[in-house]
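Below, chain A partners chain B and then partners chain C, in two separate complexes.
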Partner chain A sequence: MKNYLIFKVDGSPIDDDLNSPEVIASEIAKAILEDSFESSRYLAILSDRFGTVETSLAKQPIASLNLDHDGVNLWISEGRKIRDAIYSLIDSIADSYSNIAQTIHLLEDICHKSNKFGEISVSDDIDLDRTFEYIENTSEQQFSECLRKVYSFNEMEHQGASDA
Partner chain B sequence: MPKYLILKRAENDPKAHAPGSTELTACEIAKELMYFDGPVDNLMAIDAIGLAATFAHLEDSTLCSIHVNEESQYVWNNEIPEIEESLRNFEFIKNQAENDLNDALRQMQEKFAESSAFSEIDPEDGIGVYSALEALGYDDIDFKFRRALQKQFQFEEMIGMFK
Partner chain C sequence: MTKYFVFRNQSNGAQKNVPGSREEMACEITKVVSQDELPKDYYIAFAQENEQTVNETLREMATCTVEIDDEREKIWINEAQALWYKFDNLEDQIGMANTAIYFAANDLGEALEQSEHFNDIEYLGPKTVERTFEYMDSSGLSQFADQLSEIFEVEFFHNTYLES
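Coming up: the complex of A and B.
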């Protein structure tokens, strides 16, 4: 079992091999940290190598995780698919909220413009924020908790650990 | 404001109200507010005062009464279609959101279920798309709009329509 150190970086170089343990370790870390922002980048370095590059790095690792051949295969065959499905749901929730909000504003504008139906206040009857609170999506959190165990993820607490 | 009684037109009656007339508008409004399932020409509007109206009352054939003048006719022709279209659009977008969210949720559930290591996770816990969006309040808005229409045109349903 190999241990990888995880760094949060700005625009890390993209590894050509999407199935390399380093890329996979960084993807797992991103999923565990529930960071679905496209622009967020993580970099994984085999902990054995850390000593040799430490002096050239301004950043400290934010976490570590264990990854072996089976762990790599598990992520490729199952983890990525689940992560993509979770991101699709997150996108779908955001799109739905945005589309409905836009439609409500349009309807409200039209009612307010009317001389006879201006008294209909759409936003009094429709509480979009509360509605979407009911659509509580805990899948990302549940997945993260499970990944933490499977890959023995260890978050490090030190000054500036969360800095990008 | 002129008041009209709305009746069902006899099947063998070839007449129809003239386009643009307040009588035709009264029938259109009645069709909408009564959820009348048929062409608007199957309805007729008569002046609420007069011999014909008296007979209609006596025959218990009046479906409803409606007030329409040129000003309210303008509202019906120019303001209401835009509101109705916007309401329909809102319902469409809400239904589309329900479908999209449920598709995304189902696909995610499938991925979890197919997994050997993560199948213990049940993502359905806490996600109630239909119940949440049903509670969004579309029906309240639709109801409020219909009530406003009834008030605007002083719509009154008659007991005859239930016989």
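Coming up: the complex of A and C.
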């Protein structure tokens, strides 16, 4: 079982090998931290190597996790697919909310300017926030909790480094 | 004030309302008030030439009547039509959101169920998505339809309005 240190970085080069343990460790960390922003980048380094080869990395790790061959295979065969499906659902919900809210806004704007239909209130009829509460379960949190246990994820105390 | 008799168009496309005519307007108003999604030439309308010529048979065949004069025509053209398009657009947005979220939730459900390690995670069920969007379907259109019905004195025959 190998231990990897996780760093949050800006614009790090993407490893060509998507199935390397380092890339997988960083993907798992991102999923555990429920960070679905596409631009967010994490870097994973074997803890044995920290302080030697990567001394130029003047940052503190934000977390660590354990990863072995089985853990790599689990992520490739199951984890990645579930993560992609969760992100897809999150995107669908966010896009849908935004499009409907925008259309309601335009519709009400026309109503308010109208002499005959000024009293129609669409947002009273569709309580968008309340409606979307029913479909807010994207499983992201539960997936994160499972991954934490499977990969013995350990978040570091010094959170300042995560903003770097 | 002219009364327009609106009929189900059974001419298989042989007869159509003249685009931009009050007859076409009467048919569009009928579609909005009935709140049914119907094809463009589903109805055809005829102006009542003379009140005395309308016999009982004609009344029995008609779906409804719509009253249009100059003032009401302006209401339709300047206010109601734009609102109708926006309501239509909102219905489309809700329908697209329903489809996108339904399939995204379904994909996530499949990924979780096929997984050996993560199949205990709860996920958004397609039935919850369906119920949520059924609730959203009212969308203020009924307020608009009621007001249109009042303004244009729409009178349905044979309870077709209630049956639709």
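Just so it is clear, the second predicted complex is superposed on the first by the 158 of 164 C-alpha atoms of A that agree within 3 Å, B and C clash if a C-alpha of one lies under 4 Å from a C-alpha of the other, contacts with A are read in each partner's own complex, and residues count from 1 in each chain.
We take it that a contact is a pair of C-beta atoms (placed from the backbone, for glycine too) under 8 Å apart; a residue touches a chain by one contact, two chains touch by 3 or more.
The shown structure was predicted, so the numbers you read here are calculated from the model rather than taken from an experiment.
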Superposed partners chain B and chain C on chain A - clash or fit: clash
Partner chain(s) touched by A:76 [first = chain B, second = chain C, both, neither]: neither
Touching partner for A:9 - first (chain B), second (chain C), both, neither: neither
Partner chain in contact with A:100 - chain B first, chain C second, else both or neither: both
Partner chain in contact with A:150 - chain B first, chain C second, else both or neither: both
Touched partner set for A:46, first chain B, second chain C, both or neither: neither
Residues of chain A at both interfaces, chain B in one complex, chain C in the other: 74, 78-79, 81-82, 85-86, 88-89, 91-93, 95-96, 99-100, 103-104, 106-107, 110-111, 114-117, 119-120, 122, 125-126, 131-132, 134-135, 137-139, 142-143, 146, 150
In the complex, chain C residues that touch chain A: 75, 79-80, 82-83, 86-87, 89-90, 93-94, 96-97, 100-101, 103-105, 107-108, 110-112, 114-118, 120-124, 128-129, 131-132, 135-136, 138-140, 142-144, 147, 151
Parts of chain A lying in touch with chain C, wherever the complex brings them together: 74, 78-79, 81-82, 85-86, 88-89, 91-93, 95-97, 99-100, 103-104, 106-107, 110-111, 114-117, 119-122, 124-126, 131-132, 134-135, 137-139, 142-143, 146, 150
List of chain A residues in touch with chain B within their complex: 74, 78-79, 81-82, 85-86, 88-89, 91-93, 95-96, 99-100, 103-104, 106-107, 110-111, 114-117, 119-120, 122, 125-128, 131-132, 134-139, 142-143, 146, 150
Touching residues (chain side chain B, partner chain A) in the complex: 75, 79-80, 82-83, 86-87, 89-90, 93-94, 96-97, 100-101, 103-105, 107-108, 110-112, 114-118, 120-121, 123, 125-129, 131-133, 135-138, 140-141, 144-145, 148, 152
